[in-house]
Amino acid sequence: MPTTSSKLSAGRLAAHLVFILFSAFCVLPFLYVISISFSSERDVALEGFKLIPKNVTLFAYKYLFASPTSLLQAYGVTILVTVAGTALSLLLTAKLAYALSRKDFRFKNLFSFLVFFTLLFNGGLVPWYIMITKYLQLNDTLLALILPYVILPWHVLLMKGFLADIPPELIESAKIDGAGEWSAFYTIILPISKPALATVGLFIAFVYWNDWWLGMLFIDKGSLTPLQYLLYRIMNNITYLTSAVRAGNVSIDTSQFPNESARMAMAILACGPMLLAFPFFQKYFIKGLTVGAVKG
Amino acid sequence: METTYWQRLTKDINKHKGLMALAFPGLLFVLVFYYLPIFGLVLAFKNYNYSDGILGSPWSGFDNFKFFFTSDAAYQVTRNTILLNLCFIVLSTILSVVFAILMFELGRKSVKVYQTAMFFPYFLSWVVVSYVTYALLNPEMGVINMLLESFGMDEINFYFEPKYWPFILSFAYLWKSIGYALLIYYTGLMGIDRTYYEAAAIDGATRLQQVRKITLPLLTPLITLLTLLAIGKIFYSDFGLFYFIPANSGALYGTTEVIDTYVFRALRVSGDIGMASAVGLYQSLVGFVLVLTVNAIVRRINKDNAIF
Amino acid sequence: MRRMNVAAIFLCVVLMLGACSRGGASQPNGNAAADEGVELTWYFPSGQWPDLHLVEAELNRIVEPLIHAKIRLKGVDWNSYEQKLNTMIAASDEFDIVWTSNWILNYRINAEKGAFLAIDDLLETVAPTLKASLPDFAWKDVKVKNKIYTVPNYQIAAHYYGFAVQKKYADKYGLDPAAIKTIEDIEPFLKLIKQNEPDKIPFGSTQFWCPPCYGISAAPSFAEENGVAHYKEDPNRVIMPVDTPEYRNYLQLARSWYLKGYIQRDIAVVKDFSRLRGQGNMVVLFDVMKPGGEAEEYWKNGGNEVIYIPMYKPRFDGVTPTTNAISRTSRHPEKAMELLELVNTDSRIFNLLSFGIEDKHYKKIGENTIRVDGQSGYAPNANWVFGNVMNGYLQEGQPADTWEQTQELNLSAEVDSLYGFHPDIEAYKTESANIHALEKEYAIGLNSGTLDPDQYYPLYLDLLRKAGIDKVREEQQRQLDIWLEAKP
């Protein structure tokens, strides 16, 4: 063997070093965010950002949790929407992408183009809004938070890219066994595409989780407000109250308001559950249940 | 025997019934949420008023396009949009492919840790990131200026020096998105058949040769696809990045302003839907031309890699 | 194939169900409106208030017997309000009352585009008390093409700018407010602060470009302008304030203050101005003023007393900063008008909307004075969103004669000679969009002295010319001439 093990390990060491540095660089700001969220507003103002808060306080979180029911309700809405939306979206995205990835599919190019076209051209906000509120009548329903994002062209094309790797022989062999396209999709394609499903699924989940736009446009009912929009509104309250302009006529000591710290606490609250869900997705794209495994 | 186009089409549809059925629900959503509202593009050519509605409002020809094209800004923001995004695409592709291959070579355990760590910035919104960059860059208390000072160098008022911003923006973009891009390429690598490597190893190929001869060629379709998609999205650039990170400082617009931020600034007060639609149409058309061009080039080189 | 299109069928079913249930629900609205179920929706900007539904229930308890309609209060957060309402209006969504102003969801632009209902007749027939309760100038002020499209929320309608100086430093360094006649006069004081108070920021404001201080009748920004700019002595000639010697001189002054260190170096990009101010580190500010304003400034400046040094006489600037209009799409415009009449004449209702429920959201501490509980589930702190503020409670700290003072100021304020003229911006909206964009790019940098005017001002002016600032002026002049001609 020409490869010397010492050279190899030196290379590996260098790679590890690069990754460790880069990782630290990515995590550090996050730690700052956590630290600030536990700092008092005065400390942040006077001392700047510190990695370890001078005085640990829960004030920012208390402020955000001032009305726990609406916050918990919002978590419920967002979790429900994310889970249901991701499941539905992933299934339809995979189906469509699979059909588009099949080289022998007569309409592959036409349909791919139709999907791709929407990535570039759209009618703008107003007609889309009219479609959803007037024709589909989805406003103030949970479906308004789910359906508009079920098929996102970017996800379809990404999925198509992954599924194109499936060797045609595998599909042929399934067909010889007498399976139709549908059962082949469910029994063979889906199981071997777990890394792809996990990756695209994670991105879809992020879209649903982080969305406040649909909530802002379509939801007036308090009980259906998604988390991100609720947090956004709470933050706006603070910004509004602390902004000196046109502040009406009231005397509040706005310098005590948790502004920076609440913003950071909000960032933590907003991404916490997704942070916890990350390893679940990661399990699949790390494991890499590959084509070879099924074929062998 | 003569078969008409329609007969062939029916035959094809029949033959691909299964695949058609798989694609159908997805296409239905595409139709409802993308193609039906697309008639809204007419707004770009209308002087929209509410009482007459979208169809009833008077036509205005190309009036709505005027505000964008008569301004000096059109050239500048189009240039910024394209150059900055090309810079992002190239850097992010190279870095994430290299990282993905390196991770693929390293053990799974460490990969897990690195992947998670590098995904962290993706969890933070641009607003929060802008606080971090402000803490680094501001002239009074900024970390970088404190460092410069301690080395006896002059401080830099970053928020008024446009020349640094292409780098700062690229850096912020890479920092935030690398975890995401990396994941896509890593997943692509997981799809590669292991037996290729086993065969190559038996033939005595080195790791580097394996990467060059097996990994990269097999990853090319994915790289092409993602690049094409990214080029298509150039004109729907990341608003938050360009709006929040430069702190909306006017002095920086020369190098930081892109179409979306310009339109936001210009139309905020009037909220004119016609003019916004006109710019949207321009964005779509330029993006479309870019993608068709690149796709045609890809098709020339390798037909299979083109997306349509 | 049995599983075929489960999802597609699901989608279809959902869509149909949606359509049916909505169809069913909306029917009583249309047909049997007289019987029951008239619902009025009211969109206004607001924070996130968990107890809004309690206020709504209480409101309906009072209002329903009076006008036989149920009110739905739809508070939308401040940052999204414009975007959401613009979309809803453009999509012809049905709703009844909508808050509109000259700074968010522009009243004149939307009225001209046909978003609102003309209410001249409704005011006479349905809301005579409301009509009579406001001075004539208020109704005149909201006219667009000679029709009234909105009900102003009557409050202070005159403003003036000047310096707000922290009292302890004014005393310490013997500042004589009476001696400050022009902007430049404050400079020696700034110099003293700079020399003797190294921890303080002598001058805190981002910009202090103030056309009226220089005899120009205009708002500081093109974007804020609803009328036209002109010299006070030469009222019939339109000018562009950025293209005047006064502005050029001002820029030199700002630059020199910046270079002398009176102005904080990163002021132009500071994200959170009020927080900095709240630390009490800014000794002098250039700020908008109103009667009793010093009391508010106390907290805004981190618990430091301030004194006001006005730079010019109060100018009347209209009642459009806060109004409520009836939507063109309203099914029940009469009912909506009845509601607006109640809100503007019945202080019970106004106070409920503005401050919430007594002893839950606020406490009475005097006959007409309350203390708001900022931590409660409803504390919007924006009574001016709903109606005539003079019908409502005073808040702790406001002098008992606040409303009398306000009224007096409104009536005594200097009224611009071209008051009532509003140019039709449709004729130059292309130019206007580009000028806004340029203004955002250069104005703060120049006005705060951060950018060198010798280098950047010629550039800025050149770009403004290219963007059509001269065309705007000519067009405004043309419209003004026609208006002057028609004026009796």
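Per-chain numbering from 1; labels A, B and C assigned in written order.
Throughout what follows, contacts are C-beta pairs under 8 Å (C-beta built on N, C-alpha and C of every residue); 3 or more make two chains touch, one makes a residue touch a chain.
These numbers come from a predicted model, not from an experiment.
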| item | value |
| --- | --- |
| Shared chain contacts [chain A and chain B, defined touch] | C |
| Relative to chain B, chain with the most remote C-alpha centre | C |
| Chain centre separation in whole Å, for chain B relative to chain A (CA means) | 16 |
| Computed distance of Cα centres, chain C from chain A, in Å | 37 |
| Multi-partner residues of chain C (each touching 2 or more other chains) | 1, 4, 7, 11, 90, 92 |
| Residues within chain B bordering two or more other chains | 21, 25, 29, 131, 273 |
| Residues within chain A bordering two or more other chains | 92, 126, 130, 136, 147, 180, 182, 260 |
| Residue numbers on chain C that touch chain B, as the complex places them | 1, 4-5, 7-8, 11, 82, 86, 89-90, 92, 106, 109-110, 113-115, 223, 264-266, 268-269, 271, 328, 425, 429-434, 436-437, 440-445, 450-451, 463, 466-468 |
| Parts of chain C lying in touch with chain A, wherever the complex brings them together | 1, 3-4, 7, 11, 14-15, 18-19, 22, 47-48, 50, 52-53, 74, 77-80, 83-84, 87-88, 90-93, 103, 272-275, 277-279, 287, 292, 295-296, 298-300, 302-303, 321, 372, 374-375, 377, 381-384, 395-398, 402 |
| Sites on chain A touched by chain B in the complex | 1-3, 8, 12, 15-16, 18-20, 22-27, 29-30, 32-33, 48-49, 92-93, 95-96, 98-100, 102, 105-107, 109, 111-116, 118-124, 126-128, 130-131, 135-136, 147-148, 150-151, 153-154, 156-158, 160-162, 164-165, 167, 180-182, 185, 195-196, 198-199, 202-203, 206, 210, 260, 263-264, 267, 270-271, 274-275, 278-279, 282, 285-286, 288, 290-292 |
| Residues of chain B touching chain A in the complex | 12-13, 15-23, 25-27, 29-30, 32-41, 43, 54, 99, 102-103, 105-106, 108, 110-125, 127-129, 131-132, 135, 141, 175, 178-180, 183-184, 186-188, 190-195, 204, 206-207, 218, 221-222, 225-226, 229, 232-233, 273, 276-277, 280, 284, 287-288, 291, 307-308 |
| Contacting residues of chain B [partner chain C, same complex] | 21, 24-25, 28-29, 48-53, 63, 66-67, 70-73, 130-131, 134, 138-140, 157, 159-160, 247-251, 253, 262, 265-273, 275 |
